[in-house]
Structure formats: structure tokens, C-alpha cells
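Letters A, B and C name the chains as they come in the text, with residue numbers starting at 1 for each one.
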Amino acid sequence: MTLQVRAGEVLGIGGVAGNGQDELLLALSGEVRARPEAIQLGGKPVGAMGPNERRHAGLLTAPEERLGHAAAPDMSLTENAFLTGADRKRLTRNGFVDWRETQIFAEDIIKTFDVRTPGPGVAARALSGGNLQKFVIGREILQNPFVIVVNQPTWGVDAAAAAFIRQALLDRAAAGAAVLVISQDIDEILEIADKFAALNGGRLSEPVPTEGLTVDRIGLMLGGAQGHSGAEEVQHVPA
Amino acid sequence: MFRLEKRPTPSTFWIYATPFLAVALTMVAGGILFAILGKDPVAAIKLIFFDPLFSADYASYARPQLLVKAGPLILIAIGLSLGFRAGIWNIGAEGQYVIGALCGAAAGLAFFPTDSRWVFPLMVAAGALGGFLWAMIPAILRTKFNTNEILVSLLLVYVAKQLIASAALNFLRNPDGAGFPGSRNLAQIPAMANPELIPGTGLHWGGVAAILAVGVAYVMLQRHILGYQIKLAGQAPRAARFAGVNSDRLIVLCMGFSGALAGMAGFFEVSGPAGQITIDFGAGYGFTAIIVAFLGRLNPIGIFFAGLLMALTYIGGELAQLVLGLPAAAIQAFQGMLLFFLLAVDLLANYRIRFILPGAR
Amino acid sequence: MDLSHMNAGVLVASLMVASVPILLAALGELVVEKSGVLNLGVEGMMIVGAVTGFIAAFHSGSAVLGFVGGAAGGAALSMIFALLTQFLMANQVATGLALTLFGQGLASLLGQSYVGQKPPLTGKLPFGPLADLPFVGPVLFGHDWVVYFSVLAVGAISWFLTRSRGGLVLRAVGENHDAAHSLGYKVRLVRVAAIGFGGAMAGLGGAYLSLVRVPQWTEGMTAGAGWIALAIVVFASWRPWRVLMGAWLFGGISVLQLNMQAAGSAIPVQYLSMSPYLITILVLVIMSSGRSRASLGAPASLGQNFHAAR
């Protein structure tokens, strides 16, 4: 599959569950590696990099499963803030963790994203789904990514928190980032994305502008009626 | 009827209380075991846990023994605990311990006779390296060939025991030993001996190394990124992958670290309390250290105290053997029981027990 | 070194006998693991079976009762494991290790007054003139009943796992305990039964050591046989007939190295003695190389504790 996201643009990828959403996220996060040129960030090949190097380069991701994948259930929010923030927030000194700085970062996430919790010392498991999701998305957005990829950003989240998360993603795009939203919620994609592409059986359709997109057309695309692109390149081109 | 409910977060109270509860339960069950064997249970428990420290008759001999026995247990358990936390099961520490003793002794005896003061540090390094390399076998087989490290590390214990027996009979046999198996007595060679450092304390270099290891492990787990990765990999493997933790690197590090510590422990033993390489060198410290690691809740400070307690059961056990004629094996069963109770009461930390009246919902 | 006095038939026959303890223990562990439980306490259950079997046989004067006692001893010890892992949610790896450590202590304790004693004999089954046939005689008609029992057990377990309804339930529980639970199967009950069976088989294997192979009680007499049995289950990709192959392979190596020792080989005894362990490691490496656990045939829920939400 080939896809391109430009700086300042939100690309929504829709599809029924199990059509390759998780695999796409793993490929982009660096948990599954590819050829160096397969993924490019501003023309720079990052495909062979692991998660940390990609974060360093500015590509940040938030997986669908909050407990156990995006966050360690039994670790505190401070420790979970360190999980992806270590490099970009400069939370280490000579291999040692700066827990004071990390806690400040965690508190910043909690405050900015209105995470309802007694404090950063609470285990991730103790948070409600919506609050943990705000924490996870907030953790990535507050690191000022060039490209941010989120999978099911508002799944199981109450309406107010969902609106908050969507706005945060739009703000990030307005600040010049490329935003990739993988979601099974078509309304969500239509609300925030500039372009829409359908994921079907691990293949991605040609992206089309969301403006003026009809429900019938979306239905056809989700069913795989649209022509697929053959190559296996994934590109992010922040212009 | 009762039902278990998983706690959202483990109970802090029970995390610290369970080791004490387990020790208490083991005393009760052990007392029953001793009573079945026809011994006075109260006298036996007192002899094991109390007399080595406080009895006027035994304490002068037994107290220094505490550090002698606790040193290797703590040293090995610290290394094991890091791997156990990360879900990497090195259970062949006994083999690494034996190989460490073998390599350390061999490195020194190669220079015999000598009075250079560089020999002892060289021997320590050789012991650590021996244990490290022996642990690298399961580590590399695991990372390169996906072979189960539990089975390989354990099977290598039997190989190591044959190797050291062969050394005692052949290439390390004391040339002045009238043909008896066993190496020269390192404890009687000043440059190679590991003596008691402060008279009456039982503290030798192994104890010093153990205390250092506790400190290093504590700082690493609390502050270093490696400690963070170890905890993350053990608690949430998928999150660890997401965080970019290299699991192969972690396996090699944890196995290597525990192997080196076990190897060092083996060398300190052979150059001090044991004195020489013998056919049956190795007293099972590598296995008992597994109990120590769990009893200490895989926490360095906890392991320090658990090591002392387990050493106490060894010494008290020997005492009970002498005084009451309690069989040596009873103490081994007793130590195993302790681990059972510990694993059983762990439930209280992670689950809430709800009693339900029959018929009620 | 001279191995020419070795008769091929005797060699094959003795490897069959040498493989019995490991075969029995590995078959038991196979069933346990198929139910999704990893019990690393095989070594402990074997050695307890060895001593309880010996004691039962010694006092009853009957070798058969000895095997019953061995199976009962192994099964009793396995119930501690079942209680801890199935009801108290303890970590299976740690509990299995504890079982081995405790079992070794307990066995030495129970066996201390039996050291040096002789157990009642387990005789060969009388096949009359058949036993005198060249090669076929010693291989097929020259064994005690336990050897035939162990081979029959391979077939019976294979049939149970693939053809019977009980085996289907057992495998369903081992593959996905949540799904099995929602289908109404009693996950815990199945697993406790499997653990008990595994304990009994390990105990039988241990009893074969103390009643036939050695035959007497000595401390630490299992010498890693339980661990090798665990390795053979992996080697066999969780298939009963391959367990038989693995056990024979191991038995063959043991017999060969013992014969080389007896024949005064130039290789030192210690190196010969370590060969079975080294070869087991080698075989494990070859079997697991480049494959995931799933493609090897490992049950998907292996080693995970089951806790029903309600």
C-alpha cells in the first residue's frame, strides 16, 4: 500500500475491524520493521528504524489497545509518561531516569488534557478508559510530533473527552504536523479528516477528499470497490 | 464459598506483609513436620530461628556463619531477580556458580606458586567471566534459536557438575595431594585466599560483593533506564516492544549479569569457606537463591534480608541436626515449603477474597 | 575400546528399558501441557514417586503395589501445584520450581532409612520360547510389564487426545481457556485432573528408577531425568508418538555412554556422563530453531493462569 500525509493535513483511514489496522500501526510505530525507504519522513528513510529512533525523528504513534500496549497497567502515570517521552522530552541523564522531570511531564499531560486522576503516582490500570486514552494521546501530542498516527483515538471514550481529543489532533495539524487517524468510526473521520482512504483486507484505497463525500461512496470504498494502489510504499511528506 | 476479585492495583500492605506471613506459616507447617518426625516442634523451631543468633552456647560459632552463608545466596539472588522481573528464567545459577569456582581457581592455580597481589583480583574476574560465559549459552540459544532458557540453563547444571568433577580428578588435582581427588587448598595460599576480613563477623569478599550488588541493583531498578526496561518487559511485554525495548539485548544482559554474579559467588566460596575444588563442589546455593529472590519479592533490599533469613535456616538446620538429630533433608523440605507458602499468600496482594453465603448472590 | 561384545538386540532392548522413566514422565507432562498448564516440577514429582514407590514395594513386598505407591506419591505432590496455580493463582514457573526443590527435600527425608535396601523384583513377563528368538526375543519379548505399559500408554494418550471427547475438551481448555469457559467446560476441573495425571505418570517413572533401573533408593537418583522429560515434550512438538521417539533417542544415548564407560573408553567418564544432557540441549536447539511456539504445536494458553471474571 502507498499513502502520503502532508504537513498540516489530516488523513483518515477507515475500515471494518481486522482489515489491517493493527498491522498498519505496528509498521508505523517501528514495532515491525521494513526496508529503510518503505517509510519516509520528510524524504528521510525511517523504515528500518525501531520505535525509539522513529520517535527521535518525530514520528509518534498511539496504539488502539490502551492497557498493555500503549501503557503498562501496573506502572504509575509518571512511569508511563517515560514510556514514550524519554527521548523527546529529554528525561534521561547518562542513562539515568530524571524522575522529577518525568513527573513534571506527567503532570503537564494530566493538566493539559484534563485527565481525571488523583495524581501522577496512580497506576494506569486505575484510570477509566476515557481518561487513560486522554493521557496516552496527550503524551504523544505534548511531544510536538511532526507526524502523529493514532488508532481508534476515541474508542470507548465519552463524548466530551472524544471532542477534546479530536480538537487536540486538529490543533496539532494546524501547528504543521501530519496527522494520520485510523478509525472504525466513519463519522469521526468525516468530522476531522481532510482526506479519506479505506482499508480493506490489508489494502488501502486511493485517498479522496472528505468534502462532498457521500455515504454511498464510502460504503463502496469500504467494500473494496475502488481501485487499489499496488506498491507497498508508505510515505509521509511534511511539505 | 469464597470468590476472588482482582484488585485494580496490588495491595501495598500485603506486598510487604506476605513474606512475614509466609515465614510464620512455614514455622507452623515445619513444626508439624518435625513433630511427625518425632522431634519437639517448639525446640526445633527455636533451634533453627533463635539459637544461632542468641543462644550463649551456639551464637559465638553460628553468628559469623550467617554472613558466610548469606553472601553467596544474596549475590546469586540479586542477579536472578533482575531476570525474573523481566520474565527471563535463569534457573541454572547452580551451574554458573560451579563454573565460576572452577574458572576462578584455575586462573589462580595457573600462576602457582605466586605471591603477586594481582592474582586475587584476576581470579575474581575469571570467576565472574566463567559464570557469565556459562550463562551466555542459554542466552544466545534463546535469542538466536528461540530455545527455552529454563531447560537449557537447568540441563547445563548437570554438565557443569561433571566438568568440575573432572577437574578435581584430572587437570586441577593437587600434585602434592598423594593422589587424592581435589585441587590445592586455595584458603591456605595467601595470595589466593578469601579470608574473613573482620574477625568474628564472617564477612569475606563475597559478603562485600553481595552488599555492593544490593546497592547497584537498587539504584539500577530505581533510577536507571535499564531497570525501567526490565520492569516494563516483565509487566507488559507489548508495551515494552512499543517503548522500543530490545528484548534480545535484555535477555543477554540479565542472563549475563546473573551468570557473572553467580560465578563470582562460586569463586568466593571456593577460595574461602570451601577452600578447594572437590568432586561434589556446590551446595545447592544456586537453587536456594531462587527461593531467596522470591522471598525478597525480587526487591534488592528484600533479598538482602531474605538471604540472611535463609542463611539462618541453613545454620539453624545444621544445629538441629547436631542437637536434635533432625535429618539434613528436613531443612531442604522446610525451605521448599517456605516458597510454597510465599507463592500461596501472594494471592492476598493481588486479589480480594469475598466470602459468599451459600444461596446468596 | 571394544563394543563388539554388544549384541544389537540386547542394545535395543536395554535402550527401551532405559527410556521408560523419561517416557512415562514426558507423557504425563504432555497431557498437563495440552491442558494449558506448565508444570516444571516433574523432577520433584519423579523423585517423590521414586521414594514412595520404593517404600510401598519394600513394605508390601509387591513391586506392583510399589508402582501404585509411586503414582500416588507423584499425584499427591502435584496436588500442591494444582492448589497453588489453579486456586491461588500462583505463577506456574515459580510454583513448578518450588515443587522440585520441595520434592527433593521431602524425598531425601522419606527415604533416609531405606538407603541400601533391596526392593522386591519386577520380573520379565513370561513369553516362553519367544524370548529366545534372536534379536526379536530380547527386543519384543524380554521385558517387564512396565515397558509394555509405557508403550501402550503412548497409544492410549494419542487416542485420548485426538479421538475422544474428553481429549477434545482438554485441548480446548489448553488452546483458549476463556472460550472453553464460555462453552461451559470446567476449566479448573480439567486442569486439576490433568495435573494429577501428570503427577501420577511422573511418580510411576520415578518408581521405575528405584524399583527396576537401579534398583534401590539413593538420594538425587533422578539426576535431571524430569528436566529431560520436559525437554522431550518440546522436542516432540506435543505429540505422543514423537515423545516415544524422543525417549528412545535419549535412552539410546544413555545406554551407549554407559556401555562405553563399561568398555573402558578413552573418553573420561565425566564427559560421557554429560553427553545425554548436551545432546538434549542440541536437540532442543534444532527443534525450536526458527520456529514460533505456535508452529511447534504448543497449546496457546500454556502457562497462563485462568481466572473467570465471574
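Brief remarks on what is shown
In the analysis below, a residue touches a chain if its C-beta (ideal position, glycine included) is under 8 Å from a C-beta of that chain, and two chains touch if they have at least 3 such contacts.
Keep in mind that this is a model prediction, so the values were computed, not measured.
Overall, the chain located most centrally, as judged by its C-alpha mean against the mean of all protein C-alpha atoms, is B. Compared with chain C, the chain whose C-alpha mean position is the greatest distance off is A.
Each chain gets one centre point, the mean of its Cα atoms, and the points for chain B and chain C are 28 Å apart.
Put simply, the C-alpha centre of chain A and that of chain B have 45 angstrom between them. Inter-chain spacing, taken between the CA centroids of chain A and chain C, is 51 Å. Among all residues of chain A, none touch two or more other chains.
Annotation for chain B: no residues touch two or more other chains. Within the complex formed with chain B, the residues of chain A that make contact are 29-31, 50-53, 55, 63, 65, 68-75, 79, 82-84, 86, 92, 95-97, 99, 123, 125-126.
Contacts from chain C toward chain B in the complex involve residues 40, 80, 83-84, 88-91, 93-95, 97-99, 101-109, 112, 219, 223-224, 227-228, 230-231, 234, 268, 270-271, 273-274, 277-278, 280-281, 284-285, 288-292, 307. Chain contact summary for the complex, chain B toward chain A: residues 8-10, 223-226, 228, 231-232, 235-236, 238-244, 246. Those residues of chain B that touch chain C in the shared complex are 4, 6, 37, 89, 91, 141, 145-148, 150-152, 154-159, 162-163, 165-166, 169-170, 287-288, 290-291, 294, 327-337, 339-340, 343-344, 346-347, 350-351.
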